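Across the two complexes that follow, chain A remains constant while its partner is chain B and subsequently chain C.
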Partner chain A sequence: MSQDITLAQFRRWLSLFAEQVQEQVDLLTELDAAIGDADHGANMQRGMRKVQERLQDPTATGGDIGSLFRSIAMTLISTVGGAAGPLFGAFFLRAAKDVDGTDAVSLEQLAAMFRSGLEGVQQRGKAQIEEKTMIDALQPAVEALEAAVAEGLDAAAALDRALEAARRGMLHTAELQASKGRASYLGPRSIGHQDPGATSAFYLIQSAAAALGRQAQAEES
Partner chain B sequence: MIALIIVSHCHDIAEGVCRLAGEMTQTPVPIAGVGGIVDENGQRQIGTDATAVLEAIESCWRPAGVLILVDLGSAILSAETALELLPDEQRERCLISNAPLVEGAVVAALEASLGHSLEDVNRAAEAVRNLDKVLR
Partner chain C sequence: MQKIINNPADAALESLQGFEFAFRRLLRVSYNPNFVWRRDAPVAGKVSIISGSGSGHEPLNIGYVGPGMLDAACPGAVFTSPTPDQYLAAIRAIYGGAGALFVVKNFGGGVLNTEVALELAREEGYNVASVLIHDDVSIDQSDNRRGMGAAILVEKIAGAAAEAGRPLDEVVTLAQRTSSQARSMAVALSSCTSPYVGHPTFNLPSDQMEVGVGIHGEPGRYRTALVSANQIVDILMEPIVRDLALQADERVLVLVSGLGGTPRQELFIVFRHIYDLLQQRSIIVERQLVGNYITSLDMAGCMVTLLRLDPELTSLWDAPVHTPALHW
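== the complex of A and B ==
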């Protein structure tokens, strides 16, 4: 049986996610300039700076995973400004419901949190797979994670599967026509461009794989 | 009487629509505008903030209900997020309108000032979508 994933690792995940988004701000802006209104990079950067600030203050983010997620959700919905705020906010708000008062979760519980988070995003954005949105990276990742758990893989292997599924999903958005959000106004002209929201969602999964799959690293840092 | 909340990406639009709609009624209607976000430098930026929508609903709260008029995109998602954060009994008395923001707010203010119900005010505001501005 794999070891539980700890609150410290969840904090590390969010910190890595914030770092990753900020490193890739120019790419996110460029992707959004092609099919949107070029604000996704700046919006996410503004939100992630605030997330990092919050993470510096342990009292502001609570002593359990549910409180941590709720705090991050509120930060994102009040600072991002664009659709990504309520959408990532919905992910963390829904995922938080499963882990109130908990400071460590099993891999099975993690998969359930991801499923709840995905459902939150789907419900808020009313998007399905293949509509060129965050869902195209998130849903394959969640499905891969669930399948890996069913196979009995450990956290590192399971999250690597999720990461690869998210990467494929993100890259696949370039082939899709947008039917949600600002990009949908472009119709067929949205084809050929990778979706910025799916790219941010990929960073969420990539940072999860780095922080939640490898306990030793998380403890050292 | 119900209250109205105007949610726009732009602070000036939200404030302007409130002012315009407020001018149209003889009886004052509770109305609040929520627009834009404030960045880390204290500058107003284009965007929407669900927690600001939530605060506006709470500060304008009327038991008869709150009608929320939105511009587009994240304004809708932020309004929905604000409703999710409200207690159930308040959420049930809130409605996000499909009405166009400016024309809808003017009609909604008039209807609200006459003491009409949340559902009736929304119906009248949404009906504005089908009005031609210019006859051709």
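== the complex of A and C ==
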């Protein structure tokens, strides 16, 4: 299938995600200092450095997408700490479950992986949309991706839709009062600040769009 | 940033190493993953008590490891909950075969990481239970209240019950009872500076205070003018006494903890007025702790915790304890 997304692209996605988070560490710290405890940047940076180490060791991450995701999930869970470790870990653990032994997936399968990942995060964090968490970026992205797949768009166009939805969701968190996570302790004082977790989740989608979407198109042509 | 550190990224680890050297006769420290455990663990047939928290709250939790209290404590990065692999390594090291109780402070990250740890421990065949600490009355909804000073009281009382040979279900019940009868509230006169961040988490003018802060340098529930010690105590005590519905002739334990940047001299001024207030209401201050027991790096300010006592909780509180921070 021409639209298949390969294991190499998934590795590229994770690598880009790690790079992007590390480039934005100061922003994540500042966002978290405003409404949390200023550790989100450092925590994500610690986890992403380990992710990059794992990616450089092909034997450590397995020869299929499921093993790759499981390995990354355990790396995040054991190095990030805070809420972000278990939550991003839950995303990859759950997304891994249908792709064991697989080294390429269709766009439909990718959308299903994202849906599973989102469910994993929701189950672990018990957060719904509009609670000023990473769900506010992830859920609109997953819904946009599913809608784009149903419309028959190609990977690049579908993931760009997801990216725009994630961006809108991330920016929208500034208008929300937090009811989950550490920002919830601030009550109305949390309004006016963009959520750091939603920002990290946006980078996850942004790197996916770059590595799984546009790159897929580039390889085809 | 004025700090006695070598390198910001190494602050938590180097502090843990120094702690290990200082208390080497009492406990052991394992690294990668990091946890502190009592020297004589595992104690066969005894329920194990485990806790964890970010670094920067010292002596919480590593200072409460020892006979009569915690079997192990897992320190995370600064203000960051420890990760599940730390808890798992700790339980493997200290499990005495009679079950284990995790004391969990209600913070998003702490709860999530402990949930994963409990799942992994159960998969390995350990009999584990948990008790949630959520005593911060500055938050209205009780299920969203942060875990604060009550953690120390629950760890002491559960630790004493475990040391006395009580079975897991009884230790859990006692821990839950203690947790449900404790309330806390804290006030900050300054922010604090995480070595990772290098500047104060928030800016607080010298004539202002943050009421209803947690222990991670986050801003509080509201900001208001700095007032006298007695007025600060009134602000903290009113919701605590109301929420506990304390009646005349009831007995309480009072914990006054500095947040790291307030001298003990001021903490006793705080305790003095708490004692007066409770006496006026004919509430008996049966036990007290005044000092730095749960801190937030160099934050100036204090936390007040009240625990409603009954004879059983009092006798468990009085039972011998040998830890770096509590010793009698």
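Rule of thumb we're sticking to: the second predicted complex is superposed on the first by the 212 of 221 C-alpha atoms of A that agree within 3 Å, B and C clash if a C-alpha of one lies under 4 Å from a C-alpha of the other, contacts with A are read in each partner's own complex, and residues count from 1 in each chain.
In this section, a residue touches a chain if its C-beta (ideal position, glycine included) is under 8 Å from a C-beta of that chain, and two chains touch if they have at least 3 such contacts.
As the structure is a prediction and not an experimental result, all values here were calculated from the model.
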Chain C versus chain B on the shared chain A, clash or fit after superposition: clash
First, second, both or neither for A:A211, with chain B first and chain C second: neither
Touched partner set for A:G125, first chain B, second chain C, both or neither: both
First (chain B), second (chain C), both or neither touched by A:R49: first
Which superposed partner A:A178 touches (first chain B, second chain C, both, neither): neither
Partner chain(s) touched by A:A141 [first = chain B, second = chain C, both, neither]: neither
If touched residues of chain A are counted for chain B and for chain C, the larger one: C
Which superposed partner A:G82 touches (first chain B, second chain C, both, neither): both
Touched partner set for A:A33, first chain B, second chain C, both or neither: second
First (chain B), second (chain C), both or neither touched by A:A198: neither
Residues on chain A lying within both footprints (that of chain B and that of chain C): 39, 43, 46, 77-83, 85-87, 89, 124-125, 181-182
In the complex, chain A residues that touch chain C: 29, 33, 35-39, 42-43, 46, 77-87, 89, 124-125, 180-182, 184-187, 189
Residues of chain A that touch chain B when the two form their complex: 39, 43, 46, 49-50, 74, 77-83, 85-87, 89-90, 93, 124-125, 181-182
Residues on chain C engaged by chain A in the complex (per definition of touch): 33, 54, 76-85, 107-109, 112-113, 115-116, 138-139, 144, 146, 194, 196-197, 201-202, 212, 214, 216-219, 221-222
For the chain B and chain A complex, residues of the former touching the latter: 37, 39-40, 45-52, 73-74, 77-78, 80-81, 84
